[in-house]
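You will see subunit A twice below: alongside subunit B first, and alongside subunit C after that.
After this line comes the complex of A and B, so read on.
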């Protein structure tokens, strides 16, 4: 992983490019809206209102931000060691499932013991689930992009089985029994489902950031990602570091699932996620694993997803359009060379450099 | 005599580096012109500009009376003017035969587009006979030796009509015998009327083969001399820009205590040539054992095995009496090993990390660099500053990224870290490869000081001068076996070269 120098990110040129890449998809989206026969101005206004105006809108944006930020963070952790972890979704399910289980099976605890126990169950389940493909990769050379995808399906089907059979609420919808009130996170902005998991998530984000930058484990992870040969030669077991990174990533993914169960739904419903972790992965990918940018992009995706609901309700513009805009956005942000405008302050020198290339 | 090639006032800027900054050279027809300078002095770049591989920033090139300036000069032009270049890395297709490689792109054809191999063979045969460029035309390139591949490259440029051949550090990959053979080919070619530019930084070679010598330093033209008017010491100081102290006389080790020994070692490799079979040797306290051999005869495998990075299949390796077979790199380090790896860019350094991070990495788990898993930046920087000062690493900035350092200073980081890490045994692999003359001396001095302290050193190098200067004893490694063991007294480069090829047993 390249060392991120804040000064180089926050300079004039890159901010211009950044804003340009952000705006262009909206312009294209507006054109599509116009072609569909709607008023683009109105659509954008409703999109904005749906995401930010009013307790319900803003609260929903914040509620959606938490899992996208955390699953994106989980993806970034493994990217530090050059491990392409598509399996966050599986950890997300495992975390949600096991904290739900702990939420209604453990009884008689006060909330300040019950909530941590539920988190612990979810985090443990997530990290074990993520570490298995990690172990397979480093000791048996099983390609992680294949195994993690498969582990997603296994986790989803396993959760489905638990939801329908042993832990079923025996209601019409396939869902588990509700967690006890002592395991529920407090709501922040009713009627939205934003909850105090937001603060724990931000704390976790800061903690992971700190681990990666300042601790021995973080150094070993960055070193493994930058040059595994060097790392091994230094006497650091790069394989162990990769496994630790996957476990940490799974823990964060599992934590994200726990917040969904304990803060948002109160139980777990079959198919509740809808590949949410992939939105997180997108946020991580477009921020190029830059931990400074991750909150910004994940918040943006959450806002777009939330605003899309309002836009559809009030203008009839299909919310699928937002997925299109997000897709275009991703393409523009990933093609960072396309819009790399350079601001030439020293023309003659630049020219000679250009030629040298 | 009028120069056939004149380059004047040449400038070439690469991103971040001014590679050539006022370069010039006059090459006369029918001479062997040596172009010398330290690594990064701009010699290769200057010649690549002559061959049209990069566009010129400014300056003029005149070839046989045709004058070219900044834009509008290309490889196509260069080839048309009879210029050919043999690069450091060969540009051959491994799967094709020698003959096919030579004619590739310039195939003589019969009617209907069929290749006329017999005519091609005839054409090439002329060069083989005239210049003694002995190559097996029918073999595929992947089965021939490095020396032969180089001759194929020379034939290739001749076949394309080159009158002026540029050879970029041609001897770097050759054994002394192959070098000798190459030199006699070059002399024959010169006497046959060809012009040759010979790029090198090895003074001994230059004095042997060059007729005239152009020295470059830091991208700039320094001077052009006739060989008979100069000497190696003068050339060295011209290259470096100051007096270079020579190697100090070697001090023999006196101790009889064995520090490290290897017995009947077997190590697998992807390639047959470098699979180690029945390798045994031992090193005494304060002794330097040199392992000589042409690159790729098992040196890398041996080092990786001894440092715990590659699996040992059979045999024992004892460090201070303890068997280290099967141990992890960390345990072997803890047992007293320091290891300067053969390639600082692959294993030796993490280029995106800072000097300080690279320096302390081997000691990352020591409590003084952080309790509770939290790294202490102050302790790391302090440790790094200390080493940077002791080993004179420049710039003396612990937080500068290693990628920004010169080769010599980057290598000094590796050496500093490993000298500081070893507890009595050091494996030094190509410790001075790709570093400038000043740094070579500094690194050798450092190793000799360690030796004087009683550190045993296993020195692996393809640079025979280095082996002969530094080692107390020498073993030669050829096709994964030890072919001879010599005490370094009255050993000369020829006998060593012969032993390296598995020839003489002594």
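After this line comes the complex of A and C, so read on.
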């Protein structure tokens, strides 16, 4: 993966680009809001208040940040080996499903054994689920961007089956039985659903950062991404590295699902995710696999999503508008040289140079 | 046995064509962009926009032709945006494609709420649909009626369009240029082909087909607009294009397999198999078909495996060589 030179990030044009790409979608959104007959200034204020002001708002933003950060991280891991993993959503579902299963099927354990075993179930399910398309890719060159997306749908349907039939709570809404209290993560800001999964997620982020940058496995992964043939020549089986990377990515995706189950919902509701992993993937895409920028962008998306709820409640501006603005934001942020400023300085040639020619 | 004979009947032919046509039209879009070396992942979003604008403008104007025209225009506009962002501003096609899919999802939801004040699905009293072609001669018998009559317009046009795209890709100069750009861009550029223009044309043309696919989805396949009604068909189309290796005729056969599995799956529902497993079938079949195609394909030409074998050979020689040197020294 191309390492980004700090000097190239922090030059004038790119900062200008960044600020304008950030502002332009909001200006467009404000125009649309004004055309709909609402007050854009008030909508913006409610957007901000809904995301940050108050325990409930801030807590909800933090709660939404965790899965977006983790699924984005899962996407970044496989990007290191040039594997385009769209299947994080499936791992997310599988992780949530199996940690919920472990949450109410295993009984009689104290919390310090129960929580890790639930996480283990989710992580294992996610990594196995992600490794299947990885194996298909390395041994038979099955295009992963197609197979992983199909696996998403399969995972969603499978989770739907488990939720409705064997693990059903037998209530009106299709949901599983609630997990036992010994498997639940503690809440941080009581009215909101922010939970201690936040700290585990941040620790996991740091660990993955360390793995990619500082360990032998990380080196193998980056080397495979740069040139798989050369990696083979060095004596490292690039195929095994790709499968390992997909498994690791699936583990992180499954972990994100576990946090959702054990920290936020307490069980799984059919269709609880709503393609949440795609938000994480987009955060990873606009940070261009730069692990430093990933938390920033994922936090921004989480804040926008949370603020949209408050904005819809208080001003009547629909939430779908924010989804549209996020999409436009991503397009602008990902474009190189959207606003290009060139400064041409024409120095008059010196006479001596003219003569020399 | 009785359940099997209930599932496999003559009406399966019509059902297969019906289920596969939206994917076939999207597959043409995927094939064209794939031949130009672009995995156009935004087809899903283009289809959704096409479905929305086609359905709404057909309903407003009362004429299906205006609906199809609006779908095509929507498809071209969206794909032009994709093309400009991808080709001019160096954005990865996956980024812009996924952003477009998201934009289509949020945008159509927003438009539904603002224009019709509904969420979820748009049902109208008298929806305008694509014409259904009936043969009065075949209508007399239920079997021939099912086999030869009652097809929607694009269900009959789709195979012809497949042949047309195949002809353009493999028998015309423009198709040759497009394929050469997809195969090796620097070589095409050094042969004097304007790569940017060729790629842009391919993206625009794929937008046309994806728009038509959307129009068929909301006006021919069903007669309403539902949020996220494409439901992964754009991605299935990409899988089908991969399966055919860019050849529209093989890709068409792949689509028929999806359509067949889809229509069998619907019939399986009456036998008591849980609905979720039934809904899984087309996606699993897609992966299976893709894998089987690639296993066959990789036997024929597998650059990676050849390279790996060569590497192993060279490494083996080196190790042997070193051993020989050591042997001489002692």
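In this text, the second predicted complex is superposed on the first by the 331 of 357 C-alpha atoms of A that agree within 3 Å, B and C clash if a C-alpha of one lies under 4 Å from a C-alpha of the other, contacts with A are read in each partner's own complex, and residues count from 1 in each chain.
Keep in mind that, in the parts below, a contact is a pair of C-beta atoms (placed from the backbone, for glycine too) under 8 Å apart; a residue touches a chain by one contact, two chains touch by 3 or more.
Small disclaimer: the values here were computed from a predicted structure and weren't measured.
Once chain A of one complex is fitted onto chain A of the other, the partner contacts of A:236 are limited to subunit B, with no touch recorded for subunit C. Once the two complexes are laid over each other on the shared chain, residue contacts for A:203 go to neither subunit B nor subunit C. Looking at the shared chain after the overlay, A:105 reaches neither subunit B nor subunit C.
After overlaying the two complexes on the shared chain, residue contacts for A:27 are found with neither subunit B nor subunit C.
Of the two partner chains placed by the overlay, only subunit B lies in contact with A:226; subunit C stays clear of it. In the superposition on chain A, the chain among subunit B and subunit C reaching more residues of subunit A is C.
In the overlay built on the shared chain, the residue A:19 is in contact with neither subunit B nor subunit C.
Counting contacts by the rule stated earlier, residues 229, 232-233, 235 of subunit A appear in both its interface with subunit B and its interface with subunit C.
Within the complex, the subunit A residues that touch subunit C are 36, 84, 133, 136, 140-143, 145-147, 149-151, 153-154, 157-158, 160-161, 164-165, 228-229, 232-233, 235, 278, 281-282, 285-286, 318, 320-324, 326-328, 330-331, 334-338. By the touch criterion stated above, subunit B contacts subunit A in their complex at residues 12-15, 54-55, 57, 307, 309, 328-330, 333-334, 339, 341, 346-354, 357, 361-362, 364-365, 369-370, 373-375, 401.
Of all residues in subunit A, only 1-3, 214-217, 219-220, 222-223, 226-227, 229-237, 352-353, 355-357 touch subunit B in the complex they form. By the touch criterion stated above, subunit C contacts subunit A in their complex at residues 39, 41, 85, 89-92, 94-96, 98-100, 102-103, 105-107, 109-110, 113-114, 232, 235-236, 238-239, 242, 274, 276-277, 279-280, 283-284, 286-287, 290-291, 294-295, 297-298, 302, 304, 307-308, 311, 314-315.
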